[in-house]
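A quick write-up on the structure given underneath.
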Amino acid sequence: MTGLQIVFIAVGVITFAAAVMVVVSRNLVHAALWLILALAGVAVLFVILEAGFLAIVQVAVYIDAIAILIIVTVMLTRHAMRDDEPQLNKTWIWSALAAILLFGGLLFLFNQVPDLVAQAAPLVETDDTYLEILGKSLVDVDRFVIPFEVASVLLLAAMIGAIVVARPPSSSSQEGGQE
Amino acid sequence: MHEPWIFIAFLLPIGFILPAVTILFNRLLAPRRPNKIKDSTYECGIETVGETWVQLKGQYYIFGLIFLIFDIEAVFLFPWAVAYDKLQLYMVLEGVLFILILAGGLLYAWRRGALEWV
Amino acid sequence: MIPLTWYLILSAAVFCVGLFGVLARRNAVAILMGIELMLNAVNINLVAFWRYLSSEVISGQVFVIIVFAVAAAEAAVGLALIISIYRRKRTISADDINLMKW
Amino acid sequence: MGDPFSLIANWLLDLLVGFGLELEFTKVLLKFLGAGLMGTVAMLLMLFTIWLERKIVARIQDRLGPNRVGPYGIFQTVADLLKLLTKEVLVPSGADRFVFIIAPMLVVMSVVGLWAVVPFAPTLFGTDVNVGVLYLVSIGSIGTLGIMMAGLSSNNKFALLGAFRTVAMMLSYAVPMILALLVPTMLAGSMGLVDIVEAQSSMWFVVLAPVTTLIFFISSIAEVGRAPFDLLEADSEIVAGFHIEYSGLSFGMFFVAEFLHAFTISALTATLFFGGWQGPGAEAYPILGFIYFLIKTGLVYFVVIWFRGTFPRIRIDQLNTLNWKLLVPLGLAAVVFTAVIDKWAAEQDLSRVLMHLAGNALLVVLTLFALRAYARSARKKEEAIRSELMKPSHVSGAGD
C-alpha cells in the first residue's frame, strides 16, 4: 500500500504547488492554467479515494467547462488590468496572516481529534453498482429527488441570469471594433 | 476499485510523452538558425498591426456558459441513465422533467437571440 | 492505506491558499479562481469523509455532486457579472468596484 | 485457439512471474506495457490511415493521390514524416514558450487517452472503467484546452481568433454529443463500453436509436474539426487557424491528433451503436470479434472520408444554427423519447424494437415539419428583403 501513499504525496504536493501558483502568478492566463493543474490533481485524489465517477465529473465540469469559461473571461477582460500592475491589494499581508492562522488552527484541531479513522473499510460490493444506487437515489422520492429537481431549477436560473447579465447592451455602438 | 484506473494512469502520460519525444527528435535533427524575421508573427507577410490581445466578443462566453450548464446536466443524468432499468415510470418522468426544465433554458437563450452567431 | 488526516491537511492547505487568493488578489477573476480552489478543498474533504466514515451510504457523493452544480452556477453568474462590470466601468479590479460599499 | 490476446497476456505473465517477479507488480507492469503498446500502435497507425484517407479522397475527386513512394504510394506518409522531422521547430518571438510547446502534446494525449476504454475484442481492451462514456466526453474535451493553449501562447491575433472559434465550435458540438451518449447508456444500463457492447448482442443500438446515432456521428465529426466542419482551419481560404505559428513536428502533432481522432470516432461509433466486436462466433473466437470490429470501424471511417470528399464546407452561422437549433433540441427530444418509450414498452409488454423505431420515425417526421416551417419563414424573410431592395424608390435613392 505504500505505492498508493507515494502517489498521494506526489499528487498532493503538485496540487498544493499549483494552488499556490494560482494565487501568486501575475499573468492571469498562467494562473488559470495552474488552476487546471490543481483541479486535475484533485481529480486524481478522487480516483485514489475510489470515487471514479466524481473524478471524471471533476474533469468534465471543472477542467473542460469552468476552466475554459475562466480563460474566456480573462481574455474578454484582459484590457482592464495589465500584468505589471500590483496584483495584490494593500492589505495582503493581513490576508496572508489570516490564511496562515486558519491553517494553524485547523492543524491544531486535527491534532485534537484522537485517531479519526486510520483505515477505510473496503467498499461493499452489492448487486447494484454504486452508480446505479446513486442514480436511483437521485430520483427516489424518499431520498434526493428534491435536490435533484432544485438543481435543475438552479441551473436554469444560472443560465438565464448569466445570459441576461453577460449579453451586450442592445446598443452595440460602445462595443465597436470587437471581434 | 483502483485497478481499472491504473491503465489510464499509464496511458495518459504515455500519450503525452510520445509526442514530446517525437518533437524532441525533431529539435535534435532539424537545423536551428533563428533570426528576427523568421521568429516574427506570421500574418501572410504583412507587418503586424496593433497588439496581439485583440478584444474578443462576448458571444464566446455564452457558448461556454451553455456548454457548462449542459455538462452539469449530464453529471446528473448519467447516473439516472445507468440506473434506468431499475427505475419505475415516475422516476423516469422525474428525469424527463429535469431535462425539460433545462430545455426551457435553451428555449430562453434561443428567444433572446443568444444562440445567433453575430 | 492513506490516513484520513493526510486528506484533511491537504484540503486545509488548499483551502487556506484559496482564501488568501480571495482576500488578497485585486483582479475579480483571480478572486473567483480562489473561490474555485476553496470549493475544491471542500470537495476533497467531503469525498474523503464519505470514503472513510460512511462509504455504505451514497449521501456523500450526492453532496459533492450538488457542490459541483452550485460551483458551476456560481462560476457562470460570477463571470457574467465580471464581464458586465468590465463593459460598464472598464475595470475588473475589486478595489474599484466599491459603489455599494458605503 | 481463437483467443490470442489473453493467451499472449497469460504467457507473458507466467514468464515474468517465472523470473521471480511478484504477481501484483507483474500485473501492473503488464498494464504499463499494454499502455505503451497501445500508444505506439495508435501513433503508428496514422502512417497508414493518412495514406488511406488521401488515397480515397483522391479517388472520390477523380485524382490518383499519392503514388510515388512504394507500391500505391503507401510509404508517402513515412516520407512526409521524415521531411517534417528535418524542419526547424520555430517558437515565435513573444510566445509563451512553455505553453506553446506543450499544447500539441496535450491535444495528442486527449486523443490517445480515448483508446483506453475502447473494447477491440471480447478479451482485448485497455480497461473496463465503469464510467467509460463520461470518460470519453471529459478526456476528449481536454483537446479543447490544448487548442486554446496553442492559440493563447502563439502571440498571433489570428491564432488567437482561430483558437477561440474552434473552441466555441467544439464546446457547442460537445452538447449534442453528451446528449447522444445518454441513449446508449440508458439502453445498456451501464456507462462501461464493454457492457454497452455486450448489451448489443441481441440488437445493435443503431436499430433502436437511429436518430441518436446520426446525432452522435455528426457531432463527433464536428468535434474532430473534419470537413464539412473544417471552416475554422480551412487551408484553402484562411491561413490555418490556431496552429498558424506551429512548424515541423509540433504542427505534425496537431495533424496526427486530427487524423487519429477521426479514426477514433469511427471506432467509437462502431462500438456504441454498431455492436463493436459483436458478430457471429465472436464470443467463442475473440480474434473473429477483433476482425468484425476492424471491419465496422473501417466502414464508418470510410463514411467519414466520404463526407470529407463530397460535402462542401458549411458557413459559420450555418454551423451554429445546425448545432443549437437542430442537433441539441433533437438530442433532448431523442433522450426523452427513448426514456419514456422504453419504460412504457416494457410495462405494456410491447415489442421494444418496433416501439423504438416508431418513436424515431415520429421524431424524424416532427423534425421535417419543423425544418419546413423554418425554411418557409427564412424564405419569407429573404423575399421581404429582396422586394425591399428592388423597390424603384430605393434604386433611385441610391443614385442620388
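A few comments on the model shown:
By letter and in written order, the chains are A, B, C and D; residue numbering begins at 1 in each of them.
Throughout what follows, a contact is a pair of C-beta atoms (placed from the backbone, for glycine too) under 8 Å apart; a residue touches a chain by one contact, two chains touch by 3 or more.
Since we're looking at a predicted model, the values are computed, not measured.
The chains in contact with chain B and with chain C alike are A.
When each chain is reduced to the mean of its CA atoms, the one lying nearest the mean of all protein CA atoms is B.
For the pairs B-D and A-D, the count of C-beta pairs in contact is higher at B-D. Taking each chain's centre as the average of its CA atoms, chain B and chain D sit 13 Å apart. Separation between the centroids of chain A and chain D, computed from CA atoms only, is 28 Å.
Centre-to-centre separation of chain A and chain C, using mean CA positions: 6 Å. Taking the mean of the C-alpha atoms as each chain's centre, chain C and chain D sit 33 Å apart.
Residue positions 4, 48, 50, 52-53, 57, 60-61, 64-66, 68-69, 72-73, 75-76, 79, 123, 129, 131-134, 138, 151, 155, 158-159, 162-163, 166, 168, 175, 179 of chain A each touch two or more of the other chains.
Shown for chain D are the residues in touch with two or more other chains, namely 129-131, 134-135, 137, 139, 160-161, 164, 167, 171, 174, 189-191.
Annotation for chain B: residues touching 2 or more other chains are 4-5, 53-54, 56, 58, 60-61, 64-69, 71-72, 74-76, 78, 81-84, 86-87, 92, 95.
Every pair of chains meeting the touch criterion is listed here: A-B, A-C, A-D, B-C, B-D. Residues of chain A that touch chain D in their complex: 29-30, 33, 36, 52-53, 56-57, 59-60, 63-64, 67-68, 71-72, 75, 129, 131-132, 179. Considering their complex, residues 4-8, 10-12, 14-16, 18-20, 22-23, 25-27, 29-34, 36, 38-44, 48, 50, 52-54, 56, 59-60, 63-64, 66-67, 70-71, 74, 77-78, 81-87, 89, 92-93, 95-96, 99-100, 103, 106, 110, 115-117 of chain B touch chain D. By the touch rule above, chain D contacts chain B in their complex via residues 28, 31-32, 34-36, 38-40, 42-43, 84-94, 101-102, 104-106, 108-113, 115-116, 126-131, 133-135, 137, 139, 155-158, 160-161, 164, 167-168, 171-172, 174-175, 178-179, 182, 185-186, 189-191, 239, 244-245, 248-250, 252-253, 256, 316-317, 319-321, 324-325, 328-329, 332, 335-336, 339-340, 342-344, 347. For chain A in complex with chain B, the residues that touch the partner chain are 4, 47-48, 50, 52-53, 57, 60-61, 64-66, 68-69, 72-73, 75-76, 78-79, 123, 128-129, 131-136, 138-140, 145, 148-149, 151-153, 155-156, 158-160, 162-164, 166-168, 175, 177-179. Those residues of chain C whose C-beta lies close enough to touch chain B in the complex are 65, 68-69, 72, 75-76, 79-80, 83, 87.
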